[in-house]
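Next come two complexes, and both contain chain A; in the first it sits with chain B, in the second with chain C.
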Partner chain A sequence: MTEKTSPTVNSFVSQNRGLILSLLALVVLPFIVGLFEGASLGAVWQNESGTSKFVQGLAIEIFILAIYALSYDLIFGITGLLSFGHSMFFAAGAYLSGILLKSFDLSLGMTLVWVLVIAVVNAFLFGIVLPRVKGITFALVTLGLGSVFHIVIMSREVGDYTGADVGLQAVPVPEFINPATHRLTFYFVAIVLLLVVYFIYKRFVDSPTGRVCVAIRENEDRAKMLGFNTFYFKIVALVLSSVTAALAGTLHTLYQPIVSPNTAGLGFTVTALLIILIGGVGTLNGALVGAAVYRLLDFGLRRYLGESASFINGAIYILIVLYLPFGIVGTWRMQSAKITEGRKRLLKLLKLEK
Partner chain B sequence: MDSEIIFETEDLRKVFGGLVAVNDVSIKVHKNTLHAIIGPNGAGKTTFFNLLSGNLEPTSGKVFFKGKDITNQPVHRTIHFGIGRSFQITNIFPNLTVFENIRLASQAMGRDNFKFYRRTGSFQSYANRSWEVIELVGLVDRATTPARMLPHGDQRKLELGMILAPDPEVLLLDEPTAGMAAEQVPELITLIQGIQQAGDKTVMLVEHNMNVVMSVSDVITVMHQGAVLAEGSPSEIAANETVQTAYLGGLYQLDL
Partner chain C sequence: MINVIRKNLVLWLTILVLVIFFVMAARGMDTEDWVITLLRGLSVGAVTFLVASGFSLIFGLLDVLNLAHGTMFMIGAYVAWTVYVRPDTFVDLLAPGLLLVSGFMLSGLWDRLREGIRIDGFLRKALPWMGLMLAAVIVVLVFRRFPITIWDVGNYAQSPVTYSFMADQGLLVLPEGEPFEEISPAVAAIGLMAGSLIAGFSLSLFKKSTQANLKVGWRSYLGFFMVALVGLAALFLNDGLTAFLTGINSNWLFFLAVLSAVSFGILLGGVMESTLIRPLYVRPIYQLMLTIGLSAIGIEVVRAIWGRPEFVMPKPAMFSGTGEGCPATTLADLVQYHCSTIELLDGRIRVYNEIFIPVVGLVVLITVWMLLQRSKLGMIIRAGVQDGEMVEALGINVRRVFTLVFALGVGLAALGGALAAPSMGLSNVMGESLLLNALIALAIGGLTSYPGAALGSILVGLLQQFIIKYGAIGIPIPFTEIIFKPTPPLVPASTVLLMVIILLLMPNGLLGRKE
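This part shows the complex of A and B:
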């Protein structure tokens, strides 16, 4: 690709350098943590309990959150659709996989197929209102759809399957990926899935379809006038997002292996929103960084401050939004561009002085 | 004028509440002409354009494009027929680069919109077309600049480029020089004239600058309170008594 044909293309190599490094770090992380504690590599490999296993668990939660946040970034950050019912996509995956594994004894493969089908149906459910409502109205309609789902999940009529307000308990997890006995396997499966989702999203955003989604976010009327039927593009984004979120939900069920009705609530949608606000809206990388910051901050504060953690947590989020208005990744990109420019200007100036 | 008719309206009417914005307008636009629509503010010029381009649906009446009825076609479809439309208020993608703005416009015409598995950079034809257009409107140096950082005059040029990229047969230009510095106006007008003459395109122009209208137009339609007041060549319009009192206020004298 020549310089002239694509001025918008980012420096792909330098971006992936950070990714490869962090990936390597994540692969050795369980073993390093184990060594610090004096556990042998073999012990870590055998999934013996210890700090390493605990850290793996925390990391798995981050990966699941990251996949979920990526899916929200696609519809909110990239396509510009503000949805307040996004947790429904996640919870549908989580509940469905749990119910199919527990009450219907389906294999993991069949479960995944069903999750995929229902995720697509969900996306279309959100999609049918798209041509009629925009902006904040869309947010409210999706909030309504999500709330209906939440109420249905909690209702006593389906309690035999969903566990009503207690949640879905004791989901049988296939042994080869059981997080209690095979956590390291689960850890690597989660990393691989996160990577696959991340690269699919990267490619999507850089594809002709994704570019139109960005155009819709920027100025939907203009996109229509260029000749794009924006409805179809929004549906594509919703389907991809819903499938991803449902995958994250399935992983969540397999890992926990319980499903709380909270995953269907508005609070969990706000979690996704918060994660990408911290990381940087519309940056994709921001969802990964944001998920890590969100989970670690929550974990750390809760450990040392106990009950008052959420208060401090909230204060930190306010500070982040105030001082990093484009999120960590967004602000970083902007600043590094400024620094490069400033350095160029400085060099020019110094030459002039000579 | 005996060339073929490209655009035709039949008793086109648009009512907003109690206001008749466009009142039974029937006009014929001939191919390869520069057809100006003038009239005082509120005469219904922009609404008329919106009816032609599909941004609005008419209350009654019909629009024909190349003999085909395109009444009630949505705006994302009319452009595929070959109708490009610019706006009085600059309408671009502010945070995208100049190149990307125009590249999107080129991509819209192709059949690759749903190839979500391929990189945008691998579609050379759209990039090539975009560079052609960027060169034509004179924004090569600005190609990587985000559109919002451009001065107003360049944004108008960018918008013109976005309409030109799909290579439409008819350009509907709604006050292309609006808000431009006076010294930039002739440049843009020359550009529009050049495009019209070089690519055998039809241009419909709404414009308030009478010097521009009188010098470039082949045909002028004068609108007043939603209806057509007069139509004719620039010299006929300048000599028309009714037009003089209704719009030009007796002030405009054609320098011949």
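This part shows the complex of A and C:
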């Protein structure tokens, strides 16, 4: 560090060293992969197809999953609301943006505005039931609302717009961000979005509002006793989460150009739950790590084992649940003191440090 | 009287509205239509109830939301199919299965032997692991050479679909049983039993020594000898047993199939609870994740063994008569010709689907209700649902009751699957849709209430069938000319909407306990 940098910048860098390093790694990743394959940097820049483009695609999927998992972590891990209808937030964003782009020929900006509006409406739909039901009943009501959405999307009555059980096909994507021709742009847009969402969330959790959300998770009655109207705080968390998930959905539509009805099903909510369980519930970094682990594991298993991948997947989840209950990031945080101590002892042994 | 009504005003109003709704729905169609729809609704409701009741018992007592319950339902159906259509495979699998279980029946003896061991330190810790590995090696070595006559998922002519079709047409020819080639049956039996005994002992070694003077009851030995004897009989009298099973009346075979499915469910439930769920009582959400993982694994296993295509289990002879005198118009005809359908009010009613299944549902409802209300176990279960810690404090071994209830719940789900196999058919996704139905039924009726599970299941079944019927007739929307015809995929949405409305009115469901 040079002397000119202010102490706040300094502490920010030292606190987020891992994040900055991985960000740098992600920025150079497409080029490095391209170099390994023998393609020139220019070729990667020009989006010529090859391993680099493929890796970018995989990374984009991970970023989208990470944004989605972050939004679930906010309401489940931070606020402590168990919702089984979370995929509805995602699917609403995905379907709405696809339909607006395809059937109504709106511009991307207008589409985003509409997606945000509908996301807020969605959050309030879940919010209406909040004062009445708690705990497992809330999970069931949200499961119900989510399945109604899923069923309606799959039905033939709205099939002209949603494509019924085949899914929404061939969404026209604006040229400047088209993942087929401008995938590198898309890659960086996704990184920036993920980063923005992550920092907003981090700020939110550290803000007074976020602190109350954590208090609600720990003990709602106590939070009420302290004079907080917990309903408002839950609504705020739901709205923020819904908007983020809808954004992730829009990104998904833009990247895939198709939307499958599976994104609205219970399975997709469970995906989010699995991701944050792998990463660590209530730790925002956990969602990022978990998304990467989940997608890469799934990809690898499907590639090398084919059909039986889901069997191995299930077994791995059971092992994680039984033996790694705090997830990767949670366990790391708990053990980090021991790890630091161990490293010091190792360095001393090797006479690198006194 | 007034007080009773005023106390539960919302409940009575809701029930009144539902009754009026159903009466109006029934008035909209012809008499035979609504009778059939009602019976179909009861049939769906009965199957849903079998899953929902077990689910609610487990959730009430153990606080475990067992999302693998639908998969257990599916496994029950597939096991029943195997016994019913392929008795030879069933007998072939019965022998190694029972011999493997036998060693674990002697847990009392193992506990006593463990007290006699006087080693400490590393060896004591390593001993159980070494024992387990040894047992696994023995079992794998023997089992690889064990001949099992089974269908072939990859070959269409020998796939479950074909066998099911042939059995339905009465043309079923079971393939020749494979003989023992590489090892003699005696070696196989000794190997499997030795593996099982070693594994049972090793598992018991994981527990710490209690220094207590344990007594071994004669029941423990009796259970072991019974299981081992039946296993050995199935091994050495294989051909005779198969011939016997194929020879007997298909009604008895069906009964045996249902019984095997229920026993398998109970066994599976007991093993699941005592090995996987028990360590997680302190972390509720993780149980949820565990059951989701188990459900994924279960579906994959079923796909690997029985394949992906759907097929239907043939109905037993008692419900499949079609020839002379059918469809029956009187009760005497029905008893005499075993008709598959009867004529009632100009409509045809399938005996198995619309009469037999609801009757079984009713029998199970009453049996379990009696068990809960009149037996000591039932008393403990009800007390545990109210306040588990208190029951434990009174010196009752709640853990043991937990295992029993979990096993019972999974057994009920397997019974539902076995009954649904001839009417709904077998597919890889049958569990998921039924689990959603059961969840909705429970949410409507009250999550931990046993009568609530029955009421909710019936409501869900009736509503679904009425909406399906109205999909053909069309619902005139008031004040407009539009006639709305809901397509079948929209049907589940109606029950979900009912659930959401009822939960908003009464957050604990219709008959749930107020908190």
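Convention: the second predicted complex is superposed on the first by the 321 of 354 C-alpha atoms of A that agree within 3 Å, B and C clash if a C-alpha of one lies under 4 Å from a C-alpha of the other, contacts with A are read in each partner's own complex, and residues count from 1 in each chain.
Convention: a contact is a pair of C-beta atoms (placed from the backbone, for glycine too) under 8 Å apart; a residue touches a chain by one contact, two chains touch by 3 or more.
What you see is a predicted model, and the numbers here were worked out from it, not measured in a lab.
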Partner chain in contact with A:Thr209 - chain B first, chain C second, else both or neither: first
Chain B versus chain C as contact partner of A:Leu140, first or second or both or neither: second
Touched partner set for A:Ser49, first chain B, second chain C, both or neither: neither
Touched partner set for A:Val321, first chain B, second chain C, both or neither: second
First (chain B), second (chain C), both or neither touched by A:Leu273: second
Contacts of A:Glu157 with chain B and chain C, given as first, second, both or neither: second
Which superposed partner A:Val236 touches (first chain B, second chain C, both, neither): first
First (chain B), second (chain C), both or neither touched by A:Phe228: first
First, second, both or neither for A:Gln169, with chain B first and chain C second: neither
Footprint overlap on chain A, where chain B in one structure and chain C in the other make contact: none
Chain B partner contacts - residues on chain A that touch it in the complex: 1, 4-9, 203-204, 206-212, 214-215, 218-219, 221-230, 232-233, 236
Chain C to chain A touching residues, read off their complex: 65, 276, 279-280, 283, 285-286, 289-290, 292-297, 299-301, 303-304, 436, 439-440, 443, 447, 487, 489-490, 492-493, 496-497, 499-500, 503-504, 507-508
Contact footprint of chain C on chain A as seen in their complex: 82, 129, 132-134, 136-137, 140-141, 143-145, 147-148, 151-152, 154-157, 165, 270, 273-274, 277, 281, 307-308, 310-311, 313-315, 317-318, 321-322, 325
Interfacial residue positions of chain B with respect to chain A in the complex: 53, 55, 74-77, 79-80, 85, 91-97, 99-100, 103-105, 107-109, 112-124, 127-128, 131, 143-144, 162, 166
